[in-house]
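As written, the chain order gives the labels A, B, C, D and E, with residue 1 at the start of each chain.
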Amino acid sequence: MLPLTLLVKAGLYLIMAISLLAAVASVSLPNIFHAALALALALLGIAGIYLGLQAEFVAVVQVLIYVGAVITLVIFAIMLTNRMADRSTPAKNSLGAACLAVAAGLFSILVRFIRSTPWPETTSAPAPGTSEIGQALMGPYVFAFEVISVILIAVLIGAMVIAKKDNPGEDAP
Amino acid sequence: MSPMTPLIPFLPLAAFAVNIFFGRKLGHKAAWVSIGASTASCAIALPLIFQVAGGAHFAASARWLDLGGRGLDFGYLLDPFSATLLFVVTIVGTLIQIYSTGYMHEDPRFSRFFAYLSLFMAAMLTLVISDNYILFFMAWEIMGLCSYLLIGFWFEKDSAANAARKAFLTTRVGDVGFFLGIMTLFVAGSSLRFEDLAATVKAAHPVLPAAALLIFCGTIGKSAQFPLHVWLPDAMEGPTPVSALIHAATMVAAGVFLIVRSFVLFEAYDAAMNMVTMIGAITAFMAAFIALTATDIKKVLAYSTISQLGFMVTALGLGGLSAGTFHLMTHAFFKALLFLGAGSVIHGTGTQDIREMGGLFTKMKHTAWTFLIGSLAIAGVPPLAGFWSKDEILLTAFEAGNFPIFALLCLTAFMTSFYMFRLVFMTFFGKARNHHIHAHESPAVMTGPLWVLAIASVFVGLPGSPFFNHWFQGFLHGHGHHAVHPVNWIVVGASISAGLGGISLAAVFYLGQGGFPQKVASAFRPLYTLSTNKFWFDEIYAKFIVAPFNGVGRMLFSFDQKVIDAAVNRTGLATLNTSAFKNWFDKYVIDGFVNFTGHFTQLLSALLRLMQTGFVQHYLFLIFLSVLALMLLEMRL
Amino acid sequence: MIFGTGILQGLMVTLKNFVTSYFKAPDEGGIFTVEYPEKRLPEKERFRNFPFLLYDKNPENLRCVACDICAKECPPKCIYIVREFDKDGKPLKRPAVFDIDFTVCMNCGICEEACPFDAIYMDHEFEIASADRHAKLLYHRDDLLKSNEYFHKIRPTDASAIDARRREAEEKKKAAEAAALAAQKAKEAAAAQAKPPEPPKPAAGA
Amino acid sequence: MIPLSHLLIFSAALLVIGIYGAVVRRNIVGILLSIELILNAAALNFTAFSRFALAGDQEAGVIFTLFIIAMAAAAAAVGLAIVIALFRVRKTIMSDEINLLKW
Amino acid sequence: METLDQIFVLSKKGILDFLGTFLPEWVVTLACVAITIKAIAVLGPVTMMYLTLMERKVIGRMQNRIGPNRVGKWGLLQPLADGVKMLTKEDIVPHGADAVSHFLAPILIVIPSLLAFAVIPFGRGMTPVDLNVGVLFFIAVSSTTTIAIFMASWGSRNKFSVLGGMRSAAQMISYEVPMVLSVVPVILIAGSLSTNDIVLAQAGWGGLKWFVFTPWGFFAFIIFFLCGVAECNRSPFDLPEGESEIVAGFHTEYSGMKFALFYMAEFMNSFTVSGLAATLFLGGWQGPFLPSWLWFFLKTYALIFVMIWFRGTLPRIRVDQLMGLAWKFLMPLTLVNILAAGLWYFTEGAARWLITASILAGSFWLLTKLNRGYTPEKRVYLFAE
């Protein structure tokens, strides 16, 4: 079975590479629409990695929520706010180089830390299936679950109010 | 105790108030208001006078002011002296007010004239019935004010205004002396009441003679005696009824009345008595001498008043209290008559210069006749009042054994009758010298009072004459203890000869054709010029008193200007400079420092401000930068 | 009624229609589509397509006499007629050239009505599509000729009515000719008798 | 299975790219995208750790990832609502043009 | 019967054993995977082709006309003809269009629909990939189509297509919610997310155990099916391609093979949705006599027939009605349905039926009352009379 696991590992690394590329693309593409799509690809990649970690439920939820809802929302926003023919404006502002340096510095430090600490090599017992997650969600984490639902409702209403068309008082300057 | 007495002065005062405030509205009716008031007070006074004549004696006083331990009481005193004067003042005052309704008819300030007259009447009556020196002095001052107002009634004319001021100032000089006298009396004796005067004199305080003399200064000022007489001739600038009322009958008499009231004080000290006599004699002779050459009708009468007052003062100085008062009463009547007659002549002819008049006898019958009676009275022709009172004075002089004074008085009497008849002959007899004048008789309202006064000056002398065996003198001295002395024919003869002599000389001079006046004038040229120039008193005073006084004033003014103002200005300047410096210091040094701190913080904040660029991403970048820095720091440690 | 029952009724209608379409005869609600090339619908008689020229018995004696009325009347002007001349230039009552441009013709049938000689009628044939628009669809005289029998076949009622009318006219004409002939003879006879009438009078005054 | 360190490096890389994107991008929607990326990087770590954790309940990491995903969705929703409102008012969503809030 | 039923499974095993004889182990597993993929890759397009034909025939029949019968015996070769036509058609890319998204859109729309096949149990033991999160996987995959639609509409730089794209995205999102919630009662009762277990849960009694015969199951089935139809942008909910309004919605600018892909995706979606509906509510491949996969296909095609039937009869509904139906009618109904399923789970016998039926009927009646038809107030014409 060795080749299969090798295949899977190669696949995972491939997926990682792809999602990194997609991430870089989503950050650097001038056209915001393509950036969103690149992000979608990156997120799918991450979902793939979740699958790699045998966390199917999370992967599927990731796909469902992120790619299904959040990216759709982003694209909606892009469509509402972006002038279709608008290509001219530069995508990046003046902080390019400096930020790159900072980012690289940060990355190198993180990598040093990661490299230096001894991480457990093997994955632990069988991955938690959906039922275990459901049990835990309804068990010890039920309070967090309720809070999250309240927050989501609040966000739902808040977003609608903010984005509503005729907001009294807030007209063009 | 008659409660009505205070009303006597109060009614004219009320009239004064009414006239002053409602004068414009009343217009000519103002006259009736003041005449009504004076007749009312006269009606009140007459029964009281009769009671006093019957021996009654009214006095009442009320505490007015508390001065430390000693209080000041005001009240009224009705004794024979005040009764006589009350009698004179009320009657003469009312007649003159009736007369002036005619005289002042066209004057625009008609109501104000009568207001001043009423005020004067009120003051005179208060003086007459007052029982102490302070109230007396207050009335005295108000009279001074009224004389100023009335003399300067036509204040448009500069001469009237100057005359009013001159009158007021000269009388003020006298008043100062009078006031000092009152004060010394107050020092000497605690009470200022006339009745207590005898007690204070008895206490013989060393300062009393000085007090007497000082009080006599008041008389000199007010009754226009020798040194301070210059204001009376100029006072003729006022309307003639004023001169009649104030400068003939009443106000000038006040000075004499003062001596009468404080006779006890004067009697006690011979020096005072001699002083009084001397001043009186000199005034009488000097005034008469000037009157000889006076050409203005009112000036002649003014000088005659001065000389008659001199007569009264001399009488008082010689101890003739009753003689002085008797002459005061009689003189008030015929002098008022003469002045009103003169006023009627002026009213009729329009001029005051007797050289332009003449031959008015036929044109102004009533005035002429009354004027003649008045002249006869003053000259001392026997049946008339003048003779009796002057005779009394000569008698006292004779009995006092002071012959030089007696001779001087007789000469003055002679001169009086001379210049009076000179006046009469030049105005009424002979030919009209100025044909422009169309003299016309004055209306009835003026000639009426003239005739009343004429009659009075005929009969007022009788009570003091031997026929009534000197009832008036007895009345004054309170009957009983007064000795009736026999008629002294020498004095009578001297006085009659003086009077008739003067008349006949005047007739010779002015009725005859001899041109005698001019001859005598040229013969006695120096005397003549002396007389016409009124002894140059005005010039002397102007030179020796007014000028130096002004000089001193100017000197003081310049001193004030140069020294004091200079000092003040210099201090002002000094403070200005010091504040300028302080301002500079404050602005540049202290503010400088404050501004510096402000400026410095602004500079500093300008630097820090750069951080707040407003770009969200700059802040984000800053966060990550700091994270990186922290991590680096962490690693280093 | 409950929400949605309206929709169910609608659905039932279509379902019934779907099912019945297999069983019902075409006109009672079944499928009535005629699959055209294989099965055709009988043509209606008064259907008219492009015109055709009529000839009796053989193509030579066509009824058209090239009188050009139909060309004038044709609104889109798609008819072009040239008269035929015999050898020595004498015009004949036959069109040499009779072209109809089918791309222009709007088969309005005005030429049929205008033609006094019953020469031109509207045809039923519609399958004339061709690849070449210009050449193929410009029909010449010979292409247009069709026999009377064909006319009878496609438009029986009209054709018989027209033939009856023509036969009547024929007989009437024959009778007329006969009469004319008789009249002609009578007149010659009459003329022969009354030869010598007087000469014509001179012209009347101006 | 791939070693945990590789996963962590991968998520670190994602984080750094996200940071770079958030700071550098001019379009606000772009910034929101980068923020999504950062959140995902963190979520990935959680599952990774939960899978390689030797002891403790396995589900904690996974559940936390779910919560992060939920929160990220909420944040994105509000962020985009604001962006839309901003665009309606300012007609631009370039972050450097919205700089009123300065000294 | 057994062999007939398992014919496919056995054939596959036969092939694998054959390969196994000479190939290494891991190659065999790969082959197994490859075979399944091959099956799906074939099944997908073929179903799509014959669904197009079926649709045109059925709608024809409903409108009293025959439908395509020229190509092949009863028009059977028509799909091939369409296919050929699609291939030959010129493939136009609008000027200034976003080439990347224009090109990627059709691909990205087909992939999810193909992925959806992985989870559907075609027969006993014939579920291509038996994930234990099967249903959730299906829903996740169907939600990703939104992005493809956005790419298609945005990529073709055409106002109509953007409008269509926006509308379809909105429709899909708003119908995804009730669809997901309507599946929850099934999972609640079946106790597992994997499609196979759900089908097994409905076994017994010759079909009476199907969930559709339970009150909540019936409502859930109707809601799921309606949402499924909306999800595929079909029939009454085909607003995005509303020919009358916005030409052809987001695939206006597509022609040729790209357009064919869109069509394929749509039909495959409808197939998978009907398949899932069948598995979840109609007992999947459970059936008395016929082989399991036949039952499955029968049920699925029945549902597809219903979909076409909808297309034949119902008019296109307005956008606000579309949204209103989703948010104001289906959503609350599914929530009540979950409540009812919960109650069903905890109660027994007659009480179970009574409670759930009454709750659901009551809520249905109440919702219809609340959702009175929205009659827009009379339009006020500013300038016209």
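Quick note on the criterion: a residue touches a chain if its C-beta (ideal position, glycine included) is under 8 Å from a C-beta of that chain, and two chains touch if they have at least 3 such contacts.
Only a predicted model underlies this, so the values are computations on that prediction, with no experimental measurement involved.
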### Connectivity without chain D (remaining chains kept where they are)
one piece
### Message
Return the chains shared as contacts by chain D and chain E, ordered by label.
### Response
A
### Task
List every chain that touches both chain B and chain E.
A
### Summary
Taking the mean of all protein C-alpha atoms as the centre, the chain whose own C-alpha mean lies closest is D
### Query
If you take the mean of the Cα atoms for each chain, which one ends up farthest from chain B?
C
#### Entry: Top chain pair, ranked by number of contacting C-beta pairs
A-D
## Note on the structure
Distance in whole angstrom between the CA centres of chain C and chain E is 61
### Message
Taking the mean of the CA coordinates per chain, how far is chain A from chain B in Å?
### Response
123
### Task
Starting from the mean Cα coordinates of chain B and chain D, work out the distance between those two points in Å.
118
### Query
Taking each chain's centre as the mean of its CA atoms, how far is chain B from chain C in angstrom?
162
#### Entry: Set of chain B residues in contact with two or more other chains
615, 617, 621, 624
### Task
All pairs of touching chains, please: list them by chain label.
A-B, A-D, A-E, B-D, C-E
## Note on the structure
Within their complex, chain E touches chain A through residues 25-26, 29, 98, 100-101, 104, 131-133, 136-137, 139-141, 143-144, 146-147, 150-151, 154, 157, 162, 166, 169, 173, 176, 193
### Query
Which residues of chain A touch chain E in the complex?
1, 3-4, 31, 33-34, 37, 40, 56-57, 60-61, 63-64, 67-69, 71-72, 75-76, 79, 84, 129-130
### Query
How about chain E: which of its residues touch chain C in the complex?
58, 61-66, 69, 309-310, 312-314, 364-365, 367-368, 371
### Complex contact set, residues of chain B against chain D
609, 612-617, 620-621, 624
#### Entry: Residue ranges of chain D touching chain B (in the complex, touch as defined)
19, 22-25, 31, 95-96, 98-103
